[in-house]
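Two complexes, one shared chain (subunit A), two partners (subunit B, subunit C).
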Partner chain A sequence: MSRRFGGEGLRAARHVLRAYPALLRVGFADMFAYRAELVVWLLTMNMPLVMMALWTAVAANGPVGRFGRREFVAYYLGMLLVRILTGSWLVWELTMEIRHGTLAPRLLRPIHPLWAHSAMQLAAVPLRAVLVSPLVLILYWAAGERLPLHEPERMAIAVAAIAGAWLLLFLIMAIIGTLAAFVESALSIFDVWLGAQAVLSGYLVPLELLPPWVSHAARYLPFRYILGFPVETLIGLESTTSALHELGVQCLFIAGSLVATLALWRAALRRFAAFGG
Partner chain B sequence: MRSLRHYARLLVVQMRTSLTLAVQYRLDFFLEGALALFWLAITLIPLLVVFSRRESVAGWSFPEALVVVGWFSVLKAVLDGGVTPSLNFVVEGVRKGTLDFVLLKPADAQFLVSTARFEPWRILDFLGSIGVLVYAFHRLGRAPRVGDLMVGFALFAVAVILLYSLWILVVSVSFRVVKVDNLSYLFISIFDAGRWPIDVFKGALRLIFTVVFPLALMTTYPAQALLGKLTSAHALLAGTGGLAFAAIARFVWKRALRAYSSASS
Partner chain C sequence: MIRARELCKTYRVHRRPPGLLAALRSVVRRRYEEVRALVDVSFAIAPGERVGFLGPNGAGKTTALKILSGLLYPTSGSVTVGEFVPQERRSEFLHMITLVMGQKQQLLWDLPPAETFAMNRALFDLPRREADATQKELVDLLEVGPLIGKPTRQLSLGERMKCELVAALLHRPRVLFLDEPTIGLDVSMQARVRDFIRRYNESTGASVLLTSHYMEDVAALCPRVIVIDKGHLIYDGDLRTLARRIRPEKRITMHFSSLPAPGELDRLGSCVARSELQATLAVPAAQVTEAVRAALGRLPISDISVEDPPLEEIMQEFLGGQPANGRVKSA
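Here is the complex of A and B:
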């Protein structure tokens, strides 16, 4: 199967391009079939709102570092926005498919399963964007002059950072999901990942409010490039030059994860074939 | 209705089954222990960060807020160890149709499903949380008064009843919308807000966390009781609230069960 990803090069790429629109349409229809699930999933993202309530209470008598009440509101709204736009369910789908063996029929199709999965997850983004649009209005109120609306350059970086965050999280979920072919507890590994991510990505507390050595360490770990970095860029806490620099770091993490994903996937397929054969 | 002794014996049998299942995986004991510490640390980090910046937040000092967190973790251990496993068992039963075997047994169905599974290793989380509580009172420089401790124990029972009732309501929903694993995620994510004293929240959130999803009754009030700060009006409110939720949950469960048609038929 792996030859379809790289080996035949151009033909494979044309093949994926032709199939992709149809896959997106399927994903879009699929999401409408499970809209209640989508709403419940959105409601589970209440942590940023709770943290927002907490920090605005703390900032009631004076700002904390660079953060006043409005900065906290903007930060956690941005968190919510990025989390909803970039979240995906890949790790649950992959572990289930591997454990139940439903990966097998997918492997028979003439397209790499990860391409198909990426289409399914991407198709969910437009409807989510519509659902979060009220948040954007509140964000505009809270951080109006800080948002990069009149600076096309910074706006482009923010959009690229969010897209990069989506891709990075997708690949990391692919890696952990593929581990299900080797160990039984892939989902527990992902749970631990989520715990570390909650702290080291700035999801719970803005990284610059953590002890300096933690926020310094976070710059060398992938977590921050999934949530903290796009949010900070979006609400104008990052200068354009440093944001551009960090965008480069994000790309490095994406490249590294891509290599790891493909290598692990090959190894997993060899094992998976042994299941059925 | 069978006698109480009969049900007590049933409970022991069910617990023994879970324990037998658990000791098969002894390695899990160490794994779960390490994870318990990890999660406790994750729970404490935002609190430490907030109180590194401020002496008090919404009228709560650091050790006082630590009592709320400790209490929250105790409840979470009870939830993860005693409530969630059983209810996952029901959800799976609804989906696969195996719930029918439980319903056929000659005992109260709600009792049977509520005691179906326990995760004994969660006792580690429980002990860790007690440790946090002890440390909080060490920081306060005093032990809770005996009377306050009694009220605290009573409110602990109320909190567990509340938790369990809310869960039963969620499971009752699972009879209608089969895909409930999302709902359980939602439940846990909302419960997570209970680590903060209710005074932190204002307006709509505060109302929701007091009346609709009574986190205040589960964590803030008991913590206030231990600290000797709970007014008797609030204690009474917590007690009646708990009983009301239990009654509603039992009623909804009965109705949901009547509407349940097996997956296989």
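Here is the complex of A and C:
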């Protein structure tokens, strides 16, 4: 039995690997069809810039904890960079597909719909990276000596942390989006998530500047591993040893989210009513 | 090939009256109702058969197709398609079937249909040469060559539906579930799609299950029909047998070169339609030969034809006469 499942699993993995380039290509073409939306979305990502203006003004009279003006600039530019590179719209897409029944055509294809969704979302990353490249130059000016450009090990951890953040957010959005099969207000649940994420991920304020009990609690929650941790690693606020440890914690959150996603997806398919038509 | 045994599907539906007060009340206390979409439905379909699902709106036809294609789980009962249980969604099963929904599309909205075809080729892991040959064949048959490079959103409904068929058949499925495949199409386009489905069935031996509100689709494509009403299977058998049972008569339509003498028509059968130089009579099937002979002898006939009564009329009478709880009949 286990050999059968093992063989099937291997075959399915090979199938996904063969199909994925085509999915990425379609995602890339689709993204170019929505290029204006992408630019508008980028323009809405102004919160880190607002916070940067606020905190650099505060830091004009002296550093706040470890943060001087340049550190705040580096932190919020890093935040903007990570936010743009890891952003996903899966929760809206999935909620709509489940509620309107348009998930049905995806379910009729011999590949898990989340693979197709992941390719669509990943395909957006290269163009986003090009559009945010000026940010990287400013970041270099603000924190050039802190960036892990000449430390391959730290660079690899930072890249892995950003990739992990993308995957963790994708899976959490998959979980909340899948809830649309059970409740009508899955997007309201996501609004609550966003509210908590804004504070507990370090998006608005670096976690170490929050009351100690909040920053301590944030280390046991997934929010920090979506934004705060990759940013701190990128701009050198984490030592290599600590970053490696945190990367392990991020992997644990990813593994837990993956298990939850698959279990919830299985249950949701039993509830999916394929409405409309 | 396809076997459904005592299939039941019950939906839990939230109900509330209109108005603000009812909306507020539903926040505190929600009322749910159980809707039985399918009740003990059993049938079997052989390889290569073309079967039409008939029934009024909300009868349970689409629910049945969605269960057969694995999109919905039955509340009770069992279903197999080939050697597969659809709800397990095994890859081999998904390679074997297709579901075309007239009101849902799989084509990528902002990209040309050719992109969807390329994506499906990858998703179904089809060898390139084989997939290209199938695509060319389908594109030629449906005459969509000039369309597949235009963004889907710029195609008309009929053009989109033809491209949907190409996308749905690219992997050469052996079972076709077609849910209103001709909805919104004009008459000539409907005829083309029907013709295409028949040719696909004849050339590949695929089984076809079709639901359609256009009785023409069913009459032209499906020798066998399964009639569902309020979730109950009320007829499963030959379409002509059903027609004969409900309306054991033929329709004789006559065109006249001059006005026939008064009273002559009434002697041949009961008149169901009449204009100045045209009349349609309902005549018992056993008396058709005699009636035609008499008409040709006595009336100034310029053209005459004998047909079955329209399927719409037959179904209207059949469904109108069914008891509320439904009753299984078979031919």
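We adopt the following convention: the second predicted complex is superposed on the first by the 265 of 277 C-alpha atoms of A that agree within 3 Å, B and C clash if a C-alpha of one lies under 4 Å from a C-alpha of the other, contacts with A are read in each partner's own complex, and residues count from 1 in each chain.
Methods note: contacts are C-beta pairs under 8 Å (C-beta built on N, C-alpha and C of every residue); 3 or more make two chains touch, one makes a residue touch a chain.
Predicted model only: the values in this text are computed from it and were never measured.
In the superposition on chain A, A:Asp30 makes contact with subunit C only, while subunit B stays out of contact range. By the touch criterion defined above, A:Leu209 lies against subunit B but remains apart from subunit C after alignment on the C-alpha atoms of chain A. Of the two partner chains placed around the shared chain by superposition, subunit B is the only one that A:Val50 touches, whereas subunit C remains out of contact. Touch criterion met: A:Val199 reaches subunit B, while subunit C stays clear of it.
Look at A:Arg66: by the touch rule set out above, it reaches neither subunit B nor subunit C. Using the contact criterion defined above for the overlaid structures, shared-chain residue A:Arg266 touches neither subunit B nor subunit C, since it reaches no partner. Comparing which residues of subunit A touch subunit B with which touch subunit C, the overlap comprises 34. Every residue of subunit A that touches subunit B in the complex is listed here, in rising order: 34, 36-37, 40-41, 43-47, 49-51, 53-55, 57-58, 64, 188, 192, 195, 198-199, 204-205, 209-210. Residue ranges on subunit B touching subunit A, taken from their complex, read 35, 38-39, 42, 45-46, 49-50, 53-54, 57-58, 177, 179, 182-183, 185-186, 189-190, 192-193, 196, 200-202, 205.
Chain contact summary for the complex, subunit A toward subunit C: residues 11-12, 15, 18-19, 21-23, 25-26, 29-30, 33-34, 101-102, 104-105, 107-111, 116, 269-270, 272-274, 276-277. Listed in rising order, the residues of subunit C touching subunit A in the complex are 11, 62, 66, 69-73, 89, 91, 94-95, 97-99, 101-106, 108, 110-111, 115, 118-125, 151, 179-180.
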